[in-house]
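Labels A, B, C and D are assigned to the chains in the order they are written; within every chain, residues are numbered from 1.
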Amino acid sequence: MAKTALIMIEFQNDFLSEKGAMAGAGIWKRAKDSNVVANTKKVLEAARNKKIPIIHSPISFREGYPEVASTPFGLFKGAADANAFKKGTWGAEIVDELKPKEGEMVLDKRRLCAFCDSELAGLLKNLDVKELIITGFITNWCVEVTGRSAYDRGIKPIFAVDCMEALSEEEQKFAIEKIFPVLGDVKTSDEVIKAL
Amino acid sequence: MAKTALIMIEFQNDFLSEKGAMAGAGIWKRAKDSNVVANTKKVLEAARNKKIPIIHSPISFREGYPEVASTPFGLFKGAADANAFKKGTWGAEIVDELKPKEGEMVLDKRRLCAFCDSELAGLLKNLDVKELIITGFITNWCVEVTGRSAYDRGIKPIFAVDCMEALSEEEQKFAIEKIFPVLGDVKTSDEVIKAL
Amino acid sequence: MAKTALIMIEFQNDFLSEKGAMAGAGIWKRAKDSNVVANTKKVLEAARNKKIPIIHSPISFREGYPEVASTPFGLFKGAADANAFKKGTWGAEIVDELKPKEGEMVLDKRRLCAFCDSELAGLLKNLDVKELIITGFITNWCVEVTGRSAYDRGIKPIFAVDCMEALSEEEQKFAIEKIFPVLGDVKTSDEVIKAL
Amino acid sequence: MAKTALIMIEFQNDFLSEKGAMAGAGIWKRAKDSNVVANTKKVLEAARNKKIPIIHSPISFREGYPEVASTPFGLFKGAADANAFKKGTWGAEIVDELKPKEGEMVLDKRRLCAFCDSELAGLLKNLDVKELIITGFITNWCVEVTGRSAYDRGIKPIFAVDCMEALSEEEQKFAIEKIFPVLGDVKTSDEVIKAL
């Protein structure tokens, strides 16, 4: 049987709280309406019960945003301008409902793609992971590119589609219908849990 | 001024000829209708005139497809099943109109993303490239993920949108309207040439 | 002028204290005799004064050593068997004299080479670093391979040779005389400081 | 049983012929005296018989040496100044005795380390390789750093020590006695063949 791991991308206050630095983007509202945190919590608990490797992957930047100094445009500029996801702040913290337990892996993400410039590929190789359950934000940005990169590295992405949200219904739908099925499996949280 | 390079992704017979191994996908027909090769040739000639680094990036696989042995699903399975993009075959060759000239770089691509498991990032760093003009196939697959990865690596992608095609109008439009503008610049071939 | 950064590799209690988990290897004794910490402190202070990017790079492993699960032999096995460099323990902490100040970058190292499976290359690229002053432990292991990899990535290593130690005089001498001069510059701490 | 592959590093005319561009370094003479090519040929034939994956890894550079443009010092400067290892020339060709057969993988190397900026790690992962028999040149440069990097990636290096040479007896001996045993196994060609 293929070995499975769970990755949880950017479940942080800056995205998920009405008071977060990125609240203006409205992810918190859409995620609330679709119960993303509650759905993901069920998957997280099931993964804990089954002793599946769990990788919490919050994004964060150091003082002065040196990690994205060469990208003074696009999404990273937006984050830096909003003072978002700053290491050590409340906004960069993982939301209370999904806080890592001791022994669970936390992997600081600095890029859209969780594999880029990180230890993720090495870690998954060491753990002999062949399938990666992907949850988090934003569906068609960090989630999608992490899934695309997993595919490129021979790891089948399992997209838990009620554990993620996009900036609009159209974008959520496009990723789920046009992109994800070509890369791997598309499942609800219940289907993911049943298959564990 | 930011230093610019041009990358040309998968302008190969298997995609662009009616007799190519991937002809069933219909890329050849859509690309013909939208003059992708002719548009790209203009950009290529302009880049040659301006002495801008040119990177031809055809995808290819060795006998037995060992490069994708761990991905027996999705797009790579489709390519392997169709015996497509096999190194040394006519199908894997770059189309006549866009053949590399001596001194132009050819970089064998093995993944959806041209940066993944390749020398591309190192090469662009050495050449001090800050902006990458992206052309080729398929708009919302290899082209898009290469653009996403360029962004993650601090290189601004310039998408030459009449130098690429997708499997459907909907997918072409979605990439151009929803994804590319967030990552970098969206230009026609004429606009790209004017800015060189 | 080439932009310079300073990296400090594994200045941790497990190496540098008589009570550290790796004390048996004797690095603490050799480092004490050659004033490595004092010499490095001078370089660190000079780098702080000159506002040069400083990267503290301690090695650490999570509970269960999942990062090296696929390497159950050699140096990593030795570290795991000794329960060394465990994230969150006193042994994995940087020694008091060289503790990072707020705003200085800390990069958790998981491999012999500081570039392998880490954000280091991306970070140095963003900061436009062309020369890397290297200090720390062990001279012909983590220090040397990080210097070799810097070279491979177009970054000139500056080896501050009185800011590092090996397991024997022979190994220290071989690295300094036979390897380092071929890759970059070999300097004393005083020479490094003068050149800043 | 751990899956094994064989890598053959830089068995090229520029190193191994008296008329090669790097002949001045004397590798050809030392390799001749110690029968490196003949020893390696025996290992190669045994690997062919056992159907073990074989990776020929010659180093090469494109016109103008763009791959090392940012490293205008050290070994790469030496190679560029000598016009060595230029793609398409006789000097960059693999020596007749060890020419790749059809179906054997050829991986163009651009760095000292065969893993750096290449598809090697991905390829070995796909082939599920856990042990890598390493042969070639130069013992304490490209061979050693490739072995160090294999170790860092969870692959056990098997150094076939009579299938490689250094620039001096001292360097050959140091690598074999002080470095290789800490990273993996040290074997003669006969021992490697017996263990296949």
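Some notes on this structure:
By definition in this document, a contact is a pair of C-beta atoms (placed from the backbone, for glycine too) under 8 Å apart; a residue touches a chain by one contact, two chains touch by 3 or more.
Note that the coordinates shown come from a computational prediction; the quantities given were computed from them, not determined experimentally.
Over half of the residue numbers at the subunit A-subunit D interface are used by both copies of the sequence.
Of the two chain pairs examined here, C-D and B-C, it is C-D that is joined by more C-beta pairs in contact. Using CA-based centroids throughout, the chain positioned farthest away from subunit C is B.
Chain centres here are Cα averages; for subunit A and subunit C they lie 32 Å apart. Computed centre separation for the pair subunit B/subunit C is 40 angstrom, with centres defined by C-alpha atoms. Averaging Cα coordinates per chain places subunit C and subunit D 28 Å apart. In subunit C, the residues touching two or more other chains are 68-71, 111, 116-117, 122, 125-126, 153-154.
Interface of subunit B with subunit D (complex): residues 53, 62-64, 66-71, 102-103, 105, 110-111, 116-119, 121-123, 125-128. Only residues 68-71, 73-75, 111-113, 116-117, 130, 140-141, 145, 148-149, 151-154, 156, 170-171, 174, 178-179, 182-184 of subunit A touch subunit B when the two sit together in their complex. Within the complex formed with subunit B, the subunit C residues making contact are 122, 125-126, 153-154.
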